[in-house]
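Two complexes come next, and they have one chain in common, subunit A, joined by subunit B in the first and subunit C in the second.
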Partner chain A sequence: MRKSLVTANQKAAWVIYKQNKGALIGSVILALILLMALTGPWLAPYDPAHQFSNKVLVPPIWNSAGDFDYFFGTDDLGRDLLSRLLYGARLSLQLTLTVVVTAAITGIIIGAASAFLNPTLRSLLMRIMDLLLSFPSLLLAIAIVAIIGPGLPNAIYAVIIVLIPQFVRITQSAISDELNKDYVMAAKLDGAKRFRLLTHHVWPNIVPALIVQLTFSFSTALLDIAALGFLGLGAQPPMAEWGTMLSESRAFIQFAPWTMTLPGVAIFLTVLSINLVGDGIRDALDPRLNR
Partner chain B sequence: MFASLLKQLGTLLISLLGLTVLTYILSLQSNIPIHDYKSSNVFLQYFEYLQFLLQGDWGISSIHKRSVLKDFLQHFPASIELIALALTLAVTTGLGLGILSASRRGGWLDNTLMTSSLIGYSMPIFWWGMLLVLLFSLTLGWTPVAGRLDFQYNIEPYTRFMLIDTLLHHNKYGFNAFLNALHHLILPAVTLSTIPMAIIARMTRSSLLAVLKSEYIRTARSKGISKRRIIWIHGLRNALQPILTISGVQVSIIMSGVIVTEYIFAWPGIGKWLLEAVSRRDFASIQGGVLALSIVVIAFNLALDFLSIYLNPRLRRPS
Partner chain C sequence: MPNLFAAKDIRKSYKVSNNPLKKGALEVLQGVSFSLNEGQTLAVVGESGSGKSTLARILVGADNPDSGELLFEGRNILKKKNKFEWYKNIRMIFQDASASLNPRTTIRQSLEEPLHNGTNYTSSQRRERILEVLEMVGLRPEYAERYPHTFSGGQRQRIAIARALLLRPKVIVADEPVSALDVSVQAQIINLLLDLQDQLDLAYVFISHDLGLVQHFSNKVLVLNDGKQEEYGRVTDIFSQPKSQYTLELLNASAGYKKPT
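Right after this comes the complex of A and B.
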C-alpha cells in the first residue's frame, strides 16, 4: 500500500520536473559534463601534463592564430587546454562526489542519532551545528586547512567538515517535524519502537528534503574545492584541477585570456546546471511552493 | 521581548565559547606558544587563553613580530570599506530588482532579471572578479587593476578608511585623491556584491509574491488602492522578514567572498592578511583573524535578529 503511494508521488514529481524548462536544460548540460568526465581520458587528445615547449600560449581555434591540433589552445607551459579541462572535469567531479557523499552520510547519521539523545544534549549539539553553520564556509575551510596544512587531501577534509552541519541540521529538524505528526503517534500506539519509527515511518518522509539538500551541496562543494585550489590551499599545480588552473592563469589574463575564461566557464556551467537541477527537484518534490 | 532577548544572549555566549575553543586549538598549532601560560594543563590553559583575549592580548605575530590585535585593526578598515559598499549595493539593488521583478510578474523583464540572478548566484566569485578585471580594467581601461590608491597620493592613515582619509587631505589634493580611492573601490565592491545581490533579488521577488497573494492585499486592492501603494506600503513591510533572514546568510557569504576578492584585487584588507598568515603558518595571526572575523559575523547576525524582532511583533513572544 505504502509502496504504491510513493510511486504515485514520484510520478507526480517527474511530471512537474519535466515541465520545468530550466531543470531540463540543466539536466542536459549536467549529463554532458558527466559524460565528459567519464570519457575524458579517451576523449583527451594529449596527456594533460605534457608540455609542448614550442607551442606555448597557442590561442583556441576560433582565434585566427589558433592551431587545429590544440582545439582550446595551450597554457603558459604548452599544455593542451582541452585535455586539461577534460581531466579536470573528471577530477573535480570525483572530488565533489567524494565530499558530498561522505558529508551526507556522516551528517545524516549524526542527525538521526540525535533523535535518540536526551533533549539537553540534543539542543547542545544543535547549538554547535548552528555555530558551525553561521561561520562563513570558506573561512571555516581556511581555518581547518590552517590546522591540518594545505594540499588536496586536507582541503577535501575541510570541505567535508564544512558540509556536515548542514546535513545534521536538516536531518534533525525534518525528523523532529515528522515525529510530532499524527501518523507517527498512530504507529507509536501500534507499538513501534523508536528505531522502527525512524526507519519505516519517518525516513521515507524526510528523503525529499535530504535530496534537495544533497543537490545544492554539490554546487557548494564544487565551488569551495575550486576556491581553495584558486587560493593555493587545495590542489597544487601541475594538477589539472579547475580552480588551480584558474589560479595559474592569473599572470596571463591580458595576453592569454582563454587560459582564464575556459576553466571558469567549466566551473560556472557545472554549478549552474546543478543549481537548475536542484531548483527543479525542489519544486517537483514540494508542489506547495510558489513557482 | 525580554525573554527572547535573553535567549539570544545565551546563544551568543555559547557561540563565542565554541568559537574560542576553535581558535584555541588553532593557537596550539604554533611552534612558539602565543601566550605565556602559568598552567601546564591544556584545559586550564584554555581559561588563561580566554583571560588573555579579554585583556586584549591576542598574541604576537610570528612573521611581523607585532601584536595580532593591532595588525588586525590596521587591516580591518580596508575590508570594512569594501564590505560596506558591497553590502549596500547588494541590498539596495537586490531589493530594487526583486520588487521590479515581482511587480512585472511573468513579463519579459521578470524573466530576464530572474535568469540573470540565476546566473549571478551560480557564478564562482574568483572567476567573476577576474572577468571584471579583464573587461573593465584591462580591455576598457575604466578602472584600476588592483590596490586602494595611486602611488602619487601620499595619504597619512588617520582612520585607515581610505575614503575618509583622502577627504581629510582635501587641502592637499582637493577631491582628486578621494575620487581615486572611490575609483579603486568600485570593481572589488561590484565583484563582492554580485552573488548576494542575486540571492536577495530572488528572495525579495518570491517573498513579495507570496505576500501579494494574501487576503488583506485582495481587500486593499478591492478598496481601490493603487498597485504601487500596495507593493510599497502593504506588501514590502510584510515581505521583509524572510529577506532579513536571508540577509544574515549573505553576511557570511560576503565574509567568504571578501577573502577571495581581496586576493584578486591585491586589496590590503583582512582577507589578504589572513591568507598570508595561512601560507606562512603564522598561527597567532590565524587564530586572531578567524576569531575577529567570526565575531563580526556573529555581531551582524545578532543585529539582524534584533531588527527582525523589531519588525515582526510575533517574534517577541518566546517560542
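Right after this comes the complex of A and C.
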C-alpha cells in the first residue's frame, strides 16, 4: 500500500534544508570528499605506498621549493601526499560507514526489542547503556582497544561498541515517547498488535530522529577512528589513514608542517561538513523548530 | 432482553507514585453504572478531572478497570480473551482528532488499519468500504490520499468518525468530540452524529461538559463528580429536577443550557 517514500512532510523538510546556507555548504564539501573517496584510486597520481627515495619532504606546489610532480608534496619517506590523502579518504570513509551502519543496525534492533521487554529488564538494559554512555566515547574506545589489543579490526570493533548505546538509547526513548501518543492508542483500538504498532505506526515517526543520530555518529566515528590511528591503536603504518598519517608526521612539524597540516585539514573538513549536514537535517526534520 | 451495553460498578484507581514505599491511590472512578440500548445516547458530564475521560478509555478497552463489569449484549466483555469483538463493536472518537491520526501516514493508511486487522476483506473491498464511510461522513473520496495536517479541525473530526464507523460498530464512545471546534463546525459535527445515529441505530456514550449540547443530544445523563456517580437518569428528569446539589451547580454554571419551563 505504501506508495512513494517522499511524503509531503519530506518535501517540506527539503524546502527548509535548502534555506540553510551552512547545510548547503556542508553538502557541497561532503559531496566533493565523497567523490574523491570514490574516484581516489584513479585520481591518485602514484601508489600511496611508493617511496621516491630522492624526493623526501618535497613541499607542496604553493611553496617556492615545490615540485609540480608532487602536488601536495611528499612525506619523510618520499611518498606522494596527494595520493595518500586520496587513498586515506577512501579508507577513512569506508571504515566510518562500516562502523556506523553496523552500530546503527545493532543499536536500533536492541532499542526496538527493548519495547517488548518487561519494564524491569528494560530499565536494567537502559542503565547499562547509560553506564556506557557516561564515558567519553574516545576514552571508552581506547579502553576497549587496550583490552582486546591494537590494530585496525579491533579499533573498528571498539568504535562500534562505543556507538551502539547511543542508538539503543535514542531508539528506545523515541519509541516510548511515541507509544504514549493518541494515534498509537487509536491504532491499538483498531486491533493492531504490538509488532504491527511498531513497524507500521511508530517506525515512520522515529525515522527522523534516527537519521539525525546517524549523521552525528558519522562524525564521531570518523574522529574516533582517526584518533585511534593517531595514538597507534588503530590503522598501522604504512596504511594511508588520516589519523596514522598525522602521527607519522608529528616529528616533522617544525620543518615540514604540510605533512601534518594536510591530513589534519582533511579530517577537519570532513567532520565539519558532516556536522553541517547533520545540523541541517535536524533543523529540517524537527517539527518544533519549523518556522 | 439484555441491554445493548451496560456498565456495573466500574472502579478505577491510579497509584500516586511509582515509589513502592509511598502508599496511596487516587480513586478516579468510584462505582459507575449505566445501561444503554440501540439508538440511545448517554451523556457523561462533569468537571475536568471528574473521571470522564478515564471512563471513556475503560469503555473502549484502552484501560482496564480495577473492578466492575462491562456487559455487551449481556456478556461481560472484560472477561473475554479475544478483545477484538470488543474493539470492533465499541469504538472511540478521540477528543483531539489530529493527535489520534498518525501524522506520517495518509488518511487511507489510517483507515485501512481497522479493516486490515478486523476483517478478511481483500484490498479492493477495503478500498470500497473506505470510500463508503468517507461518503457517509461527507468527505470526498480523493481526501483519502492526503495527510492529516492538510485538513481542517472539522474535517479531521469527520475522518475520526469515519474511522470509528468502518467496522460497523454498535456503540460509539465520543470523548468531547466537538470541544476543540468552533461553534458552527460543532453544529455540523453534532448533526452528522445525529444523522448517523438515525441511519445506523448507533448507541452513543457522549462525554461532554457542554450541558446545552447534552440536553439537545442525549436521552440519558450520568453526572460524575470526583469519580463518584452523582446522578444518573433521563435527561428531562435530571435537568428539570436535579436531586444533587452538584448537578444544580453544574446546571447554573452552564451558559448554553435552557431551563425547561
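By our rule, the second predicted complex is superposed on the first by the 282 of 291 C-alpha atoms of A that agree within 3 Å, B and C clash if a C-alpha of one lies under 4 Å from a C-alpha of the other, contacts with A are read in each partner's own complex, and residues count from 1 in each chain.
We adopt the following convention: a residue touches a chain if its C-beta (ideal position, glycine included) is under 8 Å from a C-beta of that chain, and two chains touch if they have at least 3 such contacts.
Values in this document were obtained by computation on a predicted structure and should not be read as measured data.
Asks: Would you mind checking whether subunit B and subunit C clash or fit side by side on subunit A after the superposition?
Replies: fit
Asks: Using the touch definition from the top, say if A:I29 reaches subunit B (first), subunit C (second), both or neither.
Replies: In the superposition, A:I29 contacts neither subunit B nor subunit C.
Asks: Determine, under the contact definition given at the top, whether A:S137 touches first (subunit B), second (subunit C), both, or neither.
Replies: So A:S137 only meets subunit B here.
Asks: Have a look at where A:L272 lands relative to subunit B and subunit C in the superposition and call it first, second, both or neither.
Replies: After superposing on A, A:L272 lies in contact with subunit B but is clear of subunit C.
Asks: For the superposed arrangement, I'd like the angle with vertex at the C-alpha centre of subunit A and ends at subunit B and subunit C, nearest 10 degrees.
Replies: 90
Asks: Taking the superposition as given, does A:L97 touch the first partner, subunit B, the second, subunit C, both, or neither?
Replies: neither
Asks: Have a look and say if subunit B or subunit C is in touch with more residues of subunit A.
Replies: Looking at subunit A, the partner in contact with more of its residues is B.
Asks: Given the touch rule stated above, what does A:I253 touch, subunit B (first), subunit C (second), both, or neither?
Replies: The answer is first: A:I253 touches subunit B but not subunit C.
Asks: Let me test your reading of the model: by the given contact rule, A:N205 touches which partner, first (subunit B), second (subunit C), both or neither?
Replies: Only subunit C; A:N205 stays clear of subunit B.
Asks: Between subunit B and subunit C, whom does A:A146 touch in the aligned arrangement: first, second, both, or neither?
Replies: The first partner, subunit B, only.
Asks: Touch test for A:L117: subunit B only (first), subunit C only (second), both, or neither?
Replies: It touches nothing on subunit B or subunit C.
Asks: Can you work out, in whole Å, how close the C-alpha atoms of subunit B and subunit C get once everything is superposed?
Replies: 9 Å.
Asks: State the interface residues of subunit B toward subunit A in the complex, per the touch definition above.
Replies: Touch residues, subunit B against subunit A: 11, 14-15, 18-19, 22, 25-26, 29, 118-119, 121-127, 130-131, 133-134, 138, 206, 209-210, 213, 252-257, 259-260, 263, 274-275, 277-279, 281, 283, 286, 290, 293-294, 297-298, 301.
Asks: If we count contacts the way the header does, which residues on subunit A are in touch with subunit B in the complex?
Replies: Spelled out, the residues of subunit A in touch with subunit B are 22, 127-128, 130-131, 134-139, 142-143, 145-147, 150, 219, 223, 226-227, 230-233, 243, 246, 249-250, 253-254, 257, 260-261, 263-264, 267-268, 271-272, 275-276, 279, 290.
Asks: For a test of understanding, state which residues of subunit C touch subunit A in their complex under the given definition.
Replies: 60-62, 84, 87-88, 91-92, 94, 96, 99-105, 108-109, 112-114, 117-118, 123, 147, 149-150, 163
Asks: List the residues on subunit A that touch subunit C in their complex, please.
Replies: Within the complex, subunit A contacts subunit C at residues 1-2, 7-9, 181-183, 185-193, 196, 200-201, 204-205.
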